[in-house]
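Next up: the structures, one after another.
Note that chain A is present in both complexes that follow, paired respectively with chain B and with chain C.
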Partner chain A sequence: MIQTNLQLDAKGLACPMPIVKTKKAITDLEEGQVLEIQATDKGSKADLAAWASSVGHQYLGTVEDGEVLYHYIRKGSNELEVEKTFEHTVSLDELESRDGFILDVREAAEYAFGHMEGAISIPMGELESRMDELDKEKELYVICRTGRRSDLAAQLLANNGFTKVYNVLPGMNEWNGKISKEV
Partner chain B sequence: MSNKVAIIAANGGMFDAYKVFNIATAAAASEKEVQIFFTFEGLNLIHKQGMHALEMPAGKEHFAEGFEKANVPTIPQLVEMAQELGVKFIACQMTMDVMGLTKEDFVDGIEVGGAVTFLEYAKDAAPTLTF
Partner chain C sequence: MTVNKWTAAKVARKVIDNEELFILDVRNPDAFNDWKIEGHKFEYLNIPYFELLDGVEEILPKLPMDKEVLVVCAKEGSSIMVAEMLSEEGREVAYLEGGMKAWSSYLEPIKVADLENGGELYQFVRLGKGCLSYMVISEGEAAIIDAVRFTDVFTSFAKVKGVEIKHVFDTHLHADHISGGRQIAAATGATYYLPPKDATEVVFDYTALTDGLHVTIGSSQIDVNALYSPGHTIGSTSFVIDNQFLLTGDILFIDSIGRPDLAGLAEDWVGDLRETLYSRYRELAVDLVVLPAHFMIIDELNEDGTVARRLGDLFKQNHGLNIEDEEEFRRTVTDNLPPQPNAYEKIRQVNMGKITPDHDEQTEMEIGPNRCAVR
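Here is the complex of A and B:
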């Protein structure tokens, strides 16, 4: 069970209904939130991946459980190139030679479909309330998909007394190393 | 990349209807602008009575069961959905005159136009599909 913001039941529906229902459901989400689509149409996997890329959402992946396909899509992933303001950064290459913890602030579903081995998962939206799970004395390397959310997360942590915080750039979208999955 | 899809519906059977409306709704759901030009037998697909009684091709009637089993939406449902998603229906004036049909014979919300109306729309559409 992957944590999402909204679940859509499209089971038993034939093409093009899963797409039509998904289009309607995703309008209820905020940008960056994740939708789970439950479908039995075997074609929905290829269709939803193609649909997401054509309209600018991020297709995260699909889990099959018996007859049911669980698809995960994150709304509006076309993140604008904004200036990253947190000054302490490390590159993906440097990261491998560093000690400390990797904090992955992407959504739970993004983490589930591929993250760095040993990375801790706390989605950006939960960071404020779950900060006490982290050790203030340890080096903390914050990562997301493109470096935008991790920039904000690093600022938030620094403002709350974390002194050894680094934003990892660019992010998981450029990571070619080993990947762990929860699905 | 063009954001417009242009479809010509020139045949009036049930299979034709599914090809037309599935592609149209899928395109509209993908945030494309979609127009369908209904001409000759294609006018059946949006005819108020006709669209409820579209025929299967001869010898293919046994597929009716398959349609039901696959839980495929009915044509009137797809027509409604397409319109809800903003698909524009254009009925061919010339064919309507030949067949003695008026705008009132068709589902609400259609427009009537000639070949040039469609060509003007389709000139920068990609893809243009004919069924």
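Here is the complex of A and C:
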């Protein structure tokens, strides 16, 4: 069971209905939130992935459980590239020679479909309330998909007394190394 | 404007009769590029349905006013939606009933020739998949070769013709489509033949199809003679019918030759393939008309829709029969092979009787082009 913001039941519906319903449902989400679509139409997987990329959403993946396909899509944002302001950064290459913890602040579903081995998952939206799970004395390397959320997360941590925080750039979308999955 | 519903049979006539048609294919571009409805004079526009959810205004200028427009999708649901949207914009269009699924299943029976004493030879052309099946009819009896899984097409046809199906053959264990041979035999009491070398793993009873096997259809003695011709599979067997026709199975096609790798043994079987094409077939009469079990591209269809060519012409024109150097031949049929057919390993298991998927699963397995050949 992957944690999502909204679930859509499209089971038993034939093409084009799963996508018609998805398109409608996703308008209720905020940018960056994740929708789970439950479908039984086998064609829905390829079509949802292609549709998502054509309209700027992020197709995260699909889990098959018997007859049911669980698709995960994260609502895309159209906002312009925001300048990253947190000054302590490391590149993906540098990260490999560092010691400390990797903190992945992407949504639970993004983490589930592929994350760095050993990375801790705390979605950005939960960070403020779960900060006490982290050790202030240890190096903390914050990562997301493109470096934008991790930039905000790193600032938040620094403002709360974490002194050894780094933003990992660019992010998981450029990571070609080993991937662990929870699905 | 009304939305018209076309059957796969109607589209098949457009292909065979060389008519013009504009196809708006609303499937995913990947699916469209992999496999579509082919016609000599067809034009295409591929826009996935999910890009048309907000309206079809943008594509209106791309749709011709002076041609029939057919909207096609995988199963029909999305094509109905798009056709209705176009209709609301004042365009008269049709959609394909059952979508590509129906297209993949449709068989068009076409008479290849009249045989002696009222006998007839039919080719069943499965346009959407490129499969060719055959029925020989003579004096109340029939034999079927390489039947596809839509068995009622064959049994109904036999009923209409008033003939009893006596013999059902598969030239080899198919890897690209599910055979209907065993089911037809079971339903009609006919004898089902398979080459034993392809049947080592099958879990049902069959009659051995071996070199030199000879059966006659009807009392006027239309001859069906088996000729062992390995290479695509180790058991592949051809038939000479009525001393006029050579049914080559998946060994020799019109514009290509069989690939030896679908049972995973390309290196072992390439020598057999060479021997069959360059020695055994060379000993046959050049005036035999070759009838293969597949076609690859629509250009291989004759004007009447049949797929048939004189053996002597193929010796001159088919590239695969004109590679003098053995090493070059070996490379041609083992290197750079096209992608393997969809689900070919599973399809082989179905044809061995090891698994029995339901109708929908079978349809799913057979989606896409057949890819049995190498050019």
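Just so it is clear, the second predicted complex is superposed on the first by the 180 of 183 C-alpha atoms of A that agree within 3 Å, B and C clash if a C-alpha of one lies under 4 Å from a C-alpha of the other, contacts with A are read in each partner's own complex, and residues count from 1 in each chain.
Everything that follows uses one rule, which is that a contact is a pair of C-beta atoms (placed from the backbone, for glycine too) under 8 Å apart; a residue touches a chain by one contact, two chains touch by 3 or more.
Being a predicted model, the structure only gives us computed values, none of them experimental.
In the superposed pair of complexes, A:14 makes contact with chain B and with chain C alike. Shared-chain residue A:23: touches chain B and chain C both. By the document's definition of touching, neither partner reaches A:176: not chain B, not chain C. In the superposed model, A:42 makes contact with chain C only, not with chain B.
Contacts of A:51 after superposition: both chain B and chain C are touched. Counting contacts by the rule stated earlier, residues 14-17, 19-20, 23, 47, 51, 54 of chain A appear in both its interface with chain B and its interface with chain C. Contact residues on chain A toward chain C in their complex (touch as defined above): 14-17, 19-20, 23, 42-43, 46-47, 50-51, 54. Residues 28-31, 48-51, 53, 73-75, 77-78, 81, 364 of chain C are the ones touching chain A in the complex. On the chain B side of its complex with chain A, the touching residues are 22, 25-26, 29-31, 70-73, 81, 85.
On the chain A side of its complex with chain B, the touching residues are 12-17, 19-20, 22-23, 47, 51, 54-55.
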